[in-house]
Every structure is written in C-alpha cells, then in structure tokens.
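Alright, structures below, take your time with them.
In what follows, chain A forms one complex with chain B and a second complex with chain C.
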Partner chain A sequence: MRNQRVAGPALGLAGILLFLLVWEVVARAGIVDQRFLPPASEVLVTFFGNLIEPGFYQAVGETMLAWAIGLAISTVAAVVIGLIIGSSSFLSKATYSTIEFLRPIPSVALIPLAVLLFGVRIESSLMLIIYASFWQVLLQVLYGVADVDPVAENTAKSYGLGPLARARYVIWPTVLPYLMTGLRLASAVALILAITAELIIVSRGLGYQIALSQSGGAISEMYALVLATGLIGVIINLAMRFIERKTLSWHSSIRSEVVA
Partner chain B sequence: MSLLKRAGYFFGLPVLLIIMWWALTLGGTNFFVPTPEALAKTFWEVWAGERFVTDFLPSIMRLFVGLVATIVLGIGLGILIGSIRWLRSLTEPILEFFRAIPPPVLVPLFMLLIGINDQMKILVIISGAIWPVLLNTVEGVRAVDEVLNDTSRTYGIHGFSRLRYLVLPAASPQIMAGVRQSLSIGLILMVISEMFGSSSGLGFTIVLFQRTFAIPEMWSGIAVLGLIGIALSLISKGIERKVLRWYHGLKEVQRDS
Partner chain C sequence: MKKSLMIGLAAASVLALAACSSGTPDAGGDAPSTAEPTAITVGVIPIVDTAPIWLGVEKGFFSDEGLDVTVQPTTGGAASVPGVVAGSYDFAFGNYVSGMVANDKGLGLKYVTNGNSTAGNPDFGAVIVAADSDIESPADLAGKTVSVNNLSNIGDTTIRTVVDNDGGDSSTINFVEVAFPDAEAAVTNKQVDAAWILAPFLDSAVANGARVITYNFSDFDPGLDVSGYFTTLKTFEGKPELVKAFQTAMNKSLEYADTHPDEVKQIVTTYTKMTMDQLDAMVLPKFNVEFNREALTKLGKAAADFGTLSAEPDLDTLLP
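Moving on, here comes the complex of A and B:
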C-alpha cells in the first residue's frame, strides 16, 4: 500500500519528463519544422527567462485583473439573483424557460457586440467573462436553494426566525457547497474567456502577448506563454479546491457528494 | 398544474421580454439594437440564402466532425487510461496540465503547425473539447463498482463483453456529463477558430458584419450561434435521456426508498 502511494507521484513526474523528452526529440529530429516547434529545452529556458521579466508580470496582472473583476461581479450578481429566484416558486417557474434558453448561447457569440460597445477596452473582456461565468454560478445557486430541507425551513419559521435570519442560518449553509462548485467551474471558464478576449479584442494581457509573439515570429516565446497560461489554470484549479475544502470543512458529507 | 398555466409559465417571461424589446426600439433611433421585426427579416434574408451553404454548413460540418472525433477519442483513451493503473499515474499530472490550458491559446499554435485550413479548426475543437470526456471517462472507469467487477470476473466475463456490459454502462453517467460539457466547448472553439484565420464560416461572417457595421446582420449571426447552442443542448439532453434511462430510474428508486 505504501509502495503505491510513493509510486503515484513518482510515475507522474516520470510522465512529465517523458513528455518533455518526446517533445525534445521530435523537435530536434526535425519531424516537425523547428521554426514552428522549438525543442522543449529552448521553450523552458524562455519560460524561466520570462519569470524575471517585469513585462511578463504586467501581462499576467492585466489578465488576472480582468479575471478577478469579472468573476467577482458575476458571482455576486448570480448569488443575489439566484437567491431571489430560488426562494420564490412563482419566479423559478416563470424564469425557467428563459434561463434554459439563454444559458446555452455561447459567450463568444457576444464578441462582435462587445467590440462594438466597448472596443479594445477592458470592459469587452468583462462583458464576456461575466456572461459566461454568471450561468455557472446561477445554476448551482438555484440547485442549492431547491435543496433546502423543508423541515429545517419550517422549524426555523416556527421558532420565529425572520426572513434575513432564515437566509443566514438555513438557506446559506445549504447553498454554500453548491456555490463553491459553481465558483470552481466559473473560475476556469472566466480564465478561458479572459484570454480569448485578449487574443481577439483587447490589446493587453497574456492573450495579446501570445497573438503578438505568434505574428512576430517569436515562436519559443509563444510556447512559453502558452505554458504559462496552463500553469495559471492549474494554480487556479488548486486554489479553488483548497478554498472549497477550507470553507466547507464543517460540511464533509455534502462535500464528498458535490465533488463526485 | 393545468396545461394553460404551464404554457403561461413557459412563454410568459420570453413574451414579456420581446414586448419590452419591441417597445424600447419602437422609435428606431438606436443604432446598435434593431427592432424585433427588422431582426427577423434580416435573419431570414441573410441565413436562408447563399450563406446557408457557404458559411453555415461548413461550420456545422467542422463542428460535427470535431465533436464526433472528440467523443470517440475521449472515450477510447479514457477507457485505456482508466483501466491501466500505471498508465493513469504516469499521465495524470500531464493531463491535468493540458486540461488547464485555456483552449483558445492553441489556435495561434495550430495555425503555425498546420496552417489555416479545416484540419486546423477540427484539431482545435478536438484539443479543447476532449478533456471533459477523457477525464470523466477515466474517473468513471476507475469507479466501477467493486462487487460488480468481482462478480463479472468470477463469471469469466473478459475482454469485449466486459467492456460492453460492465465498464461502459457503469461509466456512462460520468461520460455523458463530460460529453455535455464538451459540446458547448466545441461550439465556442469552432467560432473562435473561424474568427482568427478564415474566409468562411459563422465566426468569420459575424466578425465581418461587425467590422462593416452591418448591425442587424451581426445580431442575426449572434442569434444563429445562440440557436446552435440551444439545439446542441437539446440534442445532448435527448441522448442522455435515452442512454441513461436506467440510471435516472435507479436514482429515483433510491431516493424514494
């Protein structure tokens, strides 16, 4: 048993090394044109070189700023709207068809509209990020409110808890695990949209740097930036999982259900 | 609930919103927002004619090919990785990394490696949309019920029959959840890949409309994308209901008891 536990991460590390090795060999052997696929070692050198460049951090900062603002706005809006809709059976029935209709509309469909309304400003990114991540959170909040135990709700009512107290002590704890799941999904989506917006519309941030280095022929720089976006994605995933575990430490049974 | 009441709930808000939209654009002064009837007219004019063949169909074909390849590859690789323990440990970190890369950044990369053509777009769709299917299949295969697993082994069920009657059905709820996510990612990537370097397709056309300030046409393009998104979600719901009927039934029984 212990052997396996050690073997897991070691094999994973071996997998990463193997991948880098194959990449290196494919590039060096010229199976793919070296102008388009530089060897892994070169990309890694560029990547670590970036880590001491202030410009790199500026681009990361711009991307993460749009990400954070967009995620915050959409989360607050989705929680408020979700709680209002969810706690009224009339509203949830009346809005169901509209939500189901708007939700699958791909956020990239709004790109031309964002360009038209905001041009190359950060608001364009925000519009896409907010639209895309809003639905992720809203749906989870609605599921969460629907999951509130009627017995607990009625008990709270008969103990004379007002609407605000009920929201705080009955509804909120039930919704929280769902909300965390929604937040985790939304944070990944928001990163995708932030970078997409920079690639196509907004001239700042990591996405813009990638487009720039591609058109400028700085190919190993481009690969290094793609590597960086992947790592940011991994970090966001890990951070969200960590926050989820911390916030829901009191709620282990429901947490395991949500994760599965 | 009576049928009338249900119809009221279903159509009430959408109708209200359209009336509001109509009332707000009645003066026809806003340059950015067309009136509902202008949009409907443009929609018909733009998409029922030549563009249906030159832009709509190619996009749909790329999306379809990309998604089918995604699902087949994702389930195939997922079963392979999920059933072999050392392979799973070997690939886990690298797969987590690739999943975390925002798929749109692969568009410039593939443009270099493959050039601007249909293969590039299909590859972009596959490389972005495969992760939910792949990782969910791995998880689903790994979580096959131990008792069922041992039972089938005792009965000497191996190879293909084991796959067909034990592994695939057991993993199917998770696989379907992955497929559903993949469909919407695939659509997004189709549009993005066409916005970049292309001379046909929905993404290209919509950006063209926007750049030439053909506002009602642009809105009609947005509507087309929305409709495709809705159609995809309906299709996936339909398939899911069919494939997972036993599963939902099982859940209901468990909930009642």
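Moving on, here comes the complex of A and C:
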C-alpha cells in the first residue's frame, strides 16, 4: 500500500515530464516552427517569470471569482431542482425530454444570446458557466435520488418520518456521493467556460490575458498562460477530490479504497 | 458537510458583493471642474489602431470635456457592435464595413469620429504570400485561396476591388477565415495561398521572408479611413452634449497621436503585450480627424457590389 501511495504521484510526475520532453523535442527538431510553438523550456521560463508578477495573480483572481460564483449558483440551483424533480415521478417524466434536449446545447453557442441579454459584463460569463455546469450537477443529483433504496424510504415512511426528515436522513446520504461526482465534473467545466467567456466576451482574467498575448504576438507568454490554466484545472480537481474524500469518509466507496 | 457547504456559499456571496462594488466606476476625489464628470465606457480592441483614445485619456483631453472615460478592451470586433446596442458601451471602435453591415441589418449605428486611416505605402495591413509562391501581382490571386480575419468585411471588400482593378477576376477567389495571429503559419504551411495580415504580424512575417502582394487599404484608396468610433442613433440624437464632448476630445486625441508617434508607441506597450522593438519595426496607421467621404462612398459601393451589403449605405446616416 505504501508503494502505491508513492507510485501514483511519481507516475503522474513522470507523465508530465515526458509530455514536456516531447514538446521540447518537437519544437527543437523543427517539426513545428519555433515561432508558432516555442520549446517547453522557453515557455517554462516565462511561466515561472509570471509567478512573481502581481498582474498574473490579479488575472487568476478575476477568473476564479467568475468560476466560484458560477459554480456556486449552478450547484445550489441543480441540487434544489434535482431534489424536487427526482422526488416526484410525475415531474421526472415531464422534464426528462426537456432536460435531454437542453443538456447537449454547447454553452458557447449561447454567447450571442448572453451578450444581447447582459451585455459585455460578468453576468454574460456567469450565464455560460452556470448553463454548462448546471447539467453536470443536476444529472448526478437525479441519478442519486433514483438510487435511493425503496426499502429504506418505505421504512422511514412507516416510522413516521416527515418529508424533510426523509430528505435529510434517507435521500441526502444516497445523493451525496453522486453530488460530489457532479461537483467535480462541474468545477472543471466551469473553469473552461470562465476562460472561454473571458477570451470572447468579458475582457478580464486569464482568458483575456491569453487573447492579449496572442494579438500582441507574445507567443511564449500565451503558452505560459495556457499552462497556468491547465495547472489551475489540476489544482481544482485535487481540491475537489480532497473535499470528496472528507465529506464521504463514511461512504463505502471511500472506505474500501482505504482498506485495499 | 452542511456547515462547510454553508461557509463556502457565504464566501461566494461575499465575493459576489465585492465584485459588484468594484464594478461600479469610482469617480475619485480629484475632479477639478465644478460639474460632476460624466462616466462613459468605450469598447476598443487593444491594438495599435486604438492608441489615440488611450493617449487622450492619459493626456486629460477627455476630462477637459467633463468625461470620465473607462476604456474597456474587447477581444474582438464581435463584441463591439452588440456591446453598443446592448448599452454596455457608450461608444465603440469598429471598421466602417462592420458599421455598414450593422446598419444594413437595421441596427441604427452612427460613427461620431474617425479612428484610423491607411498609412499609404507601406501600410499596417497587407496581403502576403510565401517567399517561394508563384503569385506576383494582385491579379494572380484570382482562383486562389486567400485568408481574411472575417468574411464579408473590410478585408475581402478591399482585396477584391484591388484584384479587379489589376485585371483579375475576384469572384474566383476562395476566401477563408484565419485570425491574424495564425495567418503567417497558414501561409507557411500552405493551408492558404495568400493571407491578409495586419501589424505586428505583418512585420514579423515580412522579416521572415514573406512577400507583400498588395497593401490593400492604400491600394484601394490612398486616403481610405479604416475604422471609427460609433454609437447608436438613439444616443447620437438623445445626448448631443455627450456626443459633442466625445467628438472634441477624440479629435484632439487623433491630432495629438498623429504628431507624436513615439508617445503612441509608448502607450501601446501599456495595454498590449507588444514590445518597443516590435513597435519600432511597425508602420503606424494615420490618425485623421476629417472623414474621407469620397473613399468611404467607394467602400460602400464595393461592399454592395460584392453582396456584403444589400444596398449601398447611406453615408448621411452612417457619418455625423
């Protein structure tokens, strides 16, 4: 087990190093023109240079603010709506086709609508982020509610637990692992949409800095920022997994991991 | 769990409130004039072409007219027309064909001042080909694939006219969309036969061996105005004092920028990622106060001839 603990991160690190090596070789060997894809070493120098720039953290802060607000709103909305729809078979059937119709619509296709509704403001980014991440959470909550053990539900009913108590003690524990999965998926989607919105609509944050570097011909700066967004994605995922483990420490999916 | 979720939500709502309060423009305590300055937002693309407004704000030309300007960078022209129509911007920067197209669709835009004009020969925009290409003149572009940043806009309109004037048949050109930063790579990798490209990418492409086939703005008309600052007809008619103040300050900025190229370059380094070396190698646009109506009439006619517009634009509606 100790070996596994070490091997996981070590393998991950090796993967990243290999990726950087391939990138370096592809650029240095001239397979792609260095003017259009600078070698990894050059981009990494710019990347570490960024880490001491206050402007970089301001951009990260702006992106993360849109991310956090968007994710919070979509999660709350999806949990509330998911619990309501999921607990009624009438509502489940009535909304199924609508959800399946709306869910695959790419959020970026809504950019013109967002700009018309909210103008070139953070509300437009939020609309894209919320639309994309809402479905991730909603579907998981719906699956979770559907997974509630009918025996447990009926037992609770016959013991006289009211709807609120049943939601708290029967439905919520079943839904929680699903919700955590949805949240993890949504957090990545929200980051992608936050940066997309900054690239195209609201000129602030990391997405805007990427666009600015591109339009100014600062190519290694652009790739350094792209690296930074990737890294933020990894950090978010790690944080979400940590939260998942903490909140679900009682759950068999997590406990079995520890035992094995 | 419930508790940590609540804390998270509380934190998010605090952040949201902070975002709202920081979003309102702060007038600051240093207003010397007795009247309260009018806060306006102007949407511009952060490129060399918009240097005059950044310079004018820094020089105080706008505060002299009682305007507290927020220059809001937009990443593409796509945001400027909807931004003005939706009311996010009071004014925005955009090329004249974009404005003509918007009015052709009934959006009711009005240009209030000029923005930038062709620099002549050499210019800040050109059609380039790879060093080993067999394309030698604009007429040779007929039947070839040429990239522009946006279809049915000022690029293909001017290029087609130049090709037709050179004796080529421009209707046989296959125009494709490639963004300016990617255009040189598209030519190098033979994805397109020729590319329309603007500074600073034009200058680095030429330095790397690309050949210029036409400076399409100045070859279209040596006095062509390329872009200007526009607003909605509603603002133009409803707030004449605001428009007048903006025009006065903006025209002062254009004049100043045209006679102080070093200050233009200096200010460009503050809002783009361009370096002084890049800017020194680059041809700056001309910044004219007067509209060249004759050239713009020609531009509108060409856009209508090529089907970009359904009819020739009414310049009396489009220009002040």
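Here is the rule we go by: the second predicted complex is superposed on the first by the 225 of 260 C-alpha atoms of A that agree within 3 Å, B and C clash if a C-alpha of one lies under 4 Å from a C-alpha of the other, contacts with A are read in each partner's own complex, and residues count from 1 in each chain.
Methods note: a residue touches a chain if its C-beta (ideal position, glycine included) is under 8 Å from a C-beta of that chain, and two chains touch if they have at least 3 such contacts.
No experiment lies behind these values; they were computed from the predicted model shown.
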Return first, second, both or neither, reflecting whether A:214 touches chain B, chain C, both chains, or no partner chain. both
For A:176, is the partner it touches chain B (first), chain C (second), both, or none of the two (neither)? second
Thinking of the overlay built on chain A, is A:87 touched by chain B (first), by chain C (second), by both, or by neither? neither
First (chain B), second (chain C), both or neither touched by A:41: neither
Output check: A:247 vs chain B and chain C. Expected answer is one of first, second, both, neither. What do you get? second
Using the superposition on chain A described above, determine whether A:237 touches chain B (first), chain C (second), both, or neither. first
In the overlay, answer first, second, both or neither for which of chain B and chain C A:68 touches. second
By residue count, is chain A touched more by chain B or by chain C? B
Please identify the positions on chain A that touch both chain B and chain C, taking each partner from its own complex. 36, 112, 115-116, 199-200, 211, 214
Can you name the residues of chain C that touch chain A in the complex? 1, 4, 8-9, 11-13, 15-16, 19, 23, 43, 45-47, 72-76, 78-79, 82-83, 85-89, 180-181, 184-185, 188, 200-201, 204, 208, 272-274, 278
Residue set of chain B touching chain A in the complex reads 9-14, 17, 32, 86, 89-94, 96-109, 111-113, 184, 187-188, 191-192, 195-196, 203, 206-207, 209-210, 215, 218, 221-222, 225-226, 228-230, 232-233
Chain C-facing residues of chain A, complex: 33, 35-36, 65, 68-69, 72, 76, 112, 115-116, 118-122, 176, 198-201, 203, 208, 211-218, 221, 243, 247
Contacts from chain A onto chain B in the complex sit at residues 7-8, 11-16, 18-19, 32, 36-37, 93-98, 100-101, 103-113, 115-117, 188, 191-192, 195-196, 199-200, 207, 210-211, 214, 219, 222-223, 225-226, 229-234, 236-237
